[in-house]
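Below is the structure I would like to discuss, written out as structure tokens.
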Amino acid sequence: MTQRILVINPNSTQAVTDGIDRALQPLRLAGGPLFECVTLREGPPGIQSQRDVDGVVGPLTRLIGERQTDCDAFVIACYSDPGLHSAREVTRKPVLGISECGVLTALTLGHRFGVIAILAASIPRHLRYLGAMGVSSRLAAELPVGLQVTELADADRTRQRLIDTGRRLVDEHGAHVIVMGCAGMAQYRQPLEDALGVPVVEPTQAAAGMAWTRVRLA
Amino acid sequence: MTQRILVINPNSTQAVTDGIDRALQPLRLAGGPLFECVTLREGPPGIQSQRDVDGVVGPLTRLIGERQTDCDAFVIACYSDPGLHSAREVTRKPVLGISECGVLTALTLGHRFGVIAILAASIPRHLRYLGAMGVSSRLAAELPVGLQVTELADADRTRQRLIDTGRRLVDEHGAHVIVMGCAGMAQYRQPLEDALGVPVVEPTQAAAGMAWTRVRLA
Amino acid sequence: MTQRILVINPNSTQAVTDGIDRALQPLRLAGGPLFECVTLREGPPGIQSQRDVDGVVGPLTRLIGERQTDCDAFVIACYSDPGLHSAREVTRKPVLGISECGVLTALTLGHRFGVIAILAASIPRHLRYLGAMGVSSRLAAELPVGLQVTELADADRTRQRLIDTGRRLVDEHGAHVIVMGCAGMAQYRQPLEDALGVPVVEPTQAAAGMAWTRVRLA
Amino acid sequence: MTQRILVINPNSTQAVTDGIDRALQPLRLAGGPLFECVTLREGPPGIQSQRDVDGVVGPLTRLIGERQTDCDAFVIACYSDPGLHSAREVTRKPVLGISECGVLTALTLGHRFGVIAILAASIPRHLRYLGAMGVSSRLAAELPVGLQVTELADADRTRQRLIDTGRRLVDEHGAHVIVMGCAGMAQYRQPLEDALGVPVVEPTQAAAGMAWTRVRLA
Amino acid sequence: MTQRILVINPNSTQAVTDGIDRALQPLRLAGGPLFECVTLREGPPGIQSQRDVDGVVGPLTRLIGERQTDCDAFVIACYSDPGLHSAREVTRKPVLGISECGVLTALTLGHRFGVIAILAASIPRHLRYLGAMGVSSRLAAELPVGLQVTELADADRTRQRLIDTGRRLVDEHGAHVIVMGCAGMAQYRQPLEDALGVPVVEPTQAAAGMAWTRVRLA
Amino acid sequence: MTQRILVINPNSTQAVTDGIDRALQPLRLAGGPLFECVTLREGPPGIQSQRDVDGVVGPLTRLIGERQTDCDAFVIACYSDPGLHSAREVTRKPVLGISECGVLTALTLGHRFGVIAILAASIPRHLRYLGAMGVSSRLAAELPVGLQVTELADADRTRQRLIDTGRRLVDEHGAHVIVMGCAGMAQYRQPLEDALGVPVVEPTQAAAGMAWTRVRLA
């Protein structure tokens, strides 16, 4: 029977889910695990605060609980990895978070990693998480793009800001690899890598690949 | 007007709240901030899993939001500090967590601190938190008492197990100070300290004192 | 009987002691512990070097030894925490250092803390101390105000330099909270916080509050 | 055209390569990248010392250089990751090491990881590597099985020793997940996991999965 | 003119100074720097507490100040490195501490170092120092010999206890190299190394060698 | 019989060996160990990449093996310490690396050390090494001089670039001591120290001094 990996966008913005879905296309293979990308209807339009993070854990873990019989693994596709450890209590199936997997993948691509955050206010939360992971000594810096969430709709401006921010991480903070600190922006990965000349990790792809591996080895 | 510090027991067990209330008696002074201890009715009987932790954030932050007009500070009285960073977004009034404050207080009392956990399953969660706090290098070890939550009702047995566990932390792991990794057990603090011969921190008291200070200095 | 906390300014400048005394006013409550602020006559006018730090340990611990019968706790009010560990050998009463308590309090107020030092030459000494405390990974940076000790008499200039230095810690080094790396300058705490928009810790107040808590719980 | 991942066993023992080859079977999918497992003929029978590690870098990187036109990624299948950073200079194709990938995968499966080494003499080398990776704070402990390489041929004894060593890592050192510190022993992964009740990572599988992902996303 | 290195035993026990003097014999060469070993008369018979450490800083730095015109470098020969940073303010001549140099030398001899302390009460002080040095992650453990200072006069018993303690550091804590956490016991270095089979660092010799180098290169 | 320390320049450039030889002149004393400086003929003209590092391990350890009967210690005089741990397996005689010894010596001279690298591409390799050594928390920053290897022949330009780079390490990154991240440039040490006003470590001298000490104490 076909294996299935459920990739959950915990915010309610379908466009983000669509971006995630497109990003996983290269990982789909006939005969291999399916990637089903879903939007958490109960989520906020965007996950910006710790309250947003904590607020989605309930519906997110409920969804995982409901789908654990027909799914073989789960990916939580928000860079704050909301509910990751709760979800791992709900099911014995693998649950991967894109922040954890994005950072760990970066460690295989360069010595010091930089992170591009959308919002400055998310940075302390991410720093706490890196501390909990025990990998803070590999962090070059995390910087925000400095755009409002609504401004992200302007693709040219967003791409330019990502490049500007990545450039500062590389030039001023000595980053050897960049992690995109958000989901659903995979379209900018290649342009960013081309502009910066260092590897750029799209974290949903990184997590999906690790989920794929776990499913195949189970 | 009298200042008020709301101490919230996020589990629904009134006996725990009562224990917390008694523990704060020495910090009450005529003319000083009141400590009001309340039980979060929506909480589970005990907070044992990450799901329990994440599950109380919603009602806990709601309660803090409702009480922020008549309270001057908040203490979250569960050793996992559930919702601490969410609560700090809800109100600009000080919010202290007993785990954070208990550990920081221990750092002023001895070089390496040991933690007595109730459940072995909580230890990885606590270790993640210590990593996020950036103080892991000061940890001697964390060990569980190895009792079921229901067995805690037997005071003699509980006291003995706390002492046995504390003894291992001191003798085998080199702890110079002990943190009690739970709320509502302040009655065992002094016997434990007497038996072990090293300082023992009751974290609710530590957090209440830091809240008192913040309120007076505001 | 009234409890008493002795706050010792280890330098011989009475104006600093007076500033400390005023800073503790909010922590004084009828029926609560007294704060008695004293000047260590044998101290130098200001503690600037490691020699100054080491040089006051003798008279400081002597004073603590003499006063331990009529005092319930001691605060060493110099940001280098001179003689802290010696003093803890002299008496079993609580002894708190303002550097230790100021930094630990900052950890409850923001993820990365910045420190404003008076003198550049003190920074290596402070960094050694943060290393000994095991909290270096939470440090954003420590920067000096770049004023001679005599220039601190000019309040307007001092306030402006504190703000400029704090601004660099926040903007260039990513500090989320600021610790004032000196005693006796509590008057600048609120203006600094207003100007920077992040919490600012006055370390003598932080230590006094922790001493108050220890005394009440003893 | 079919993508190809070259998995190189840098020791000259074909039985190890055969074990690796079997271990990767679940990752093979029609239409997906091939895994070709090869033995480095110039390698020693087993890689035991730092000299063995350094000694295979030349032939290993030569092989990678020669095969980079017909291969899309490389896996170095020895737990010391010999030549990993040299190989990354030889080719722009992804090169993964099983130690790096095994450890990073373990970080997604439990808080503190234990490592089972074959030889005690390899432990300092592995500790240096974990330090270079910046993940030492997540290590519970590394312990050797205490068997001569020749004794590994006795499968029953080997399995029992792996279980005994893993048991000590879990019970005495608090490991929440185990990494097998060797290649070619995938047959013991499941029995070890069953016996210990915690996740066990077979590092060649972990690295192969990460290589698969990199190839698909390239 | 002959260069001169002043090695100061900060305790007042001449027998310790004599032991230090004998230990430096191999570093003496015609035409090379002299090692003059002196006893700090004002010191206590043994440096056991933090008060002892802080208490000798005054006379120690005075002595260094007086001798800086006729000496080219100084070694502070007590494992707590009393007054090291004060002394570096007193003179621009090199000042080395045996604890700092002993530990740094150990880092060149094995991955994890163990320390044998005389007294258990000194261990927290040493741990603070290792934290200040930033090398705690290389520490296997520090254990006390568990003898009273007076019992050290019994050479057979002392040697045996050193060996027993070192054995536990190697076998139970994974130390690859041992640092003797005291001055004046160089006579036990070789027997200890022979018994344990790992390198053993006598810290006064290590510091004297680094002082010799600094003097020759000045 | 005269003791002999073999200092090996692992690149094939005799001018570098000559510079090393001159740098060791102050450590030569009649009756003391000889320093014999040799060029590894099989080495590349300069060691710039990880491949260069790994590539010299074979001939380097062969040379050490051949010379271990007539030499008492070995110094590997390249800032990447190529083959250091392999060499320590080849001989029981002391083997010191200039990077390890240069950094450890810097730790005795200032709190945070800066490193001047020749090539930007070497920095990740050096950072891995500092991580393996466990001393990363003491690093202020490492910056490249930004010269091609061929440009190093221009002494005036090289000296100016070293000073400019050191200046940035001190002023922008807070370095209290500088390590020259290369061998054979001892002529610039004093001018650099004079220009910067902080200690500057020439790593070959540091390693040679530690080797001298080991030989005398053996």
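All chains are identified by letter, namely A, B, C, D, E and F, in their written order; residue positions are counted from 1 within each chain.
In the analysis below, a residue touches a chain if its C-beta (ideal position, glycine included) is under 8 Å from a C-beta of that chain, and two chains touch if they have at least 3 such contacts.
Quick caveat: nothing in here was measured; it's all calculated off a predicted structure.
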Touching chain A and also chain E, the following chains: B, C, D, F
Chain whose Cα centroid lies at the greatest distance from that of chain A: E
Whole-Å gap between the CA centroids of chain B and chain C: 27
Rounded Å distance between chain C and chain D, as computed from the means of their C-alpha atoms: 51
Between chain E and chain D, distance of the C-alpha-averaged centres to the nearest whole Å: 42
Chain E residues counted as touching two or more neighbouring chains: 128, 131, 133-134, 136-137
Inter-chain touch pairs (all): A-B, A-C, A-D, A-F, B-C, B-D, B-E, C-E, C-F, D-E, D-F, E-F
Contact set on chain D toward chain E in their complex: 123-124, 127-128, 131, 136-137, 141
Partner chain D, residues of chain E touching it in the complex: 110-112, 137, 174, 176
Touch list for chain B against partner chain A, complex: 49-51, 53-55, 57-58, 61, 83, 85-86, 88-90, 125, 128-129, 131-134, 136
Of chain A, residues touching chain D in the complex: 26-27, 29-32, 96, 100-101, 104-105, 107-108, 133-135, 137-138, 205-206, 208-210, 212-214, 216-217
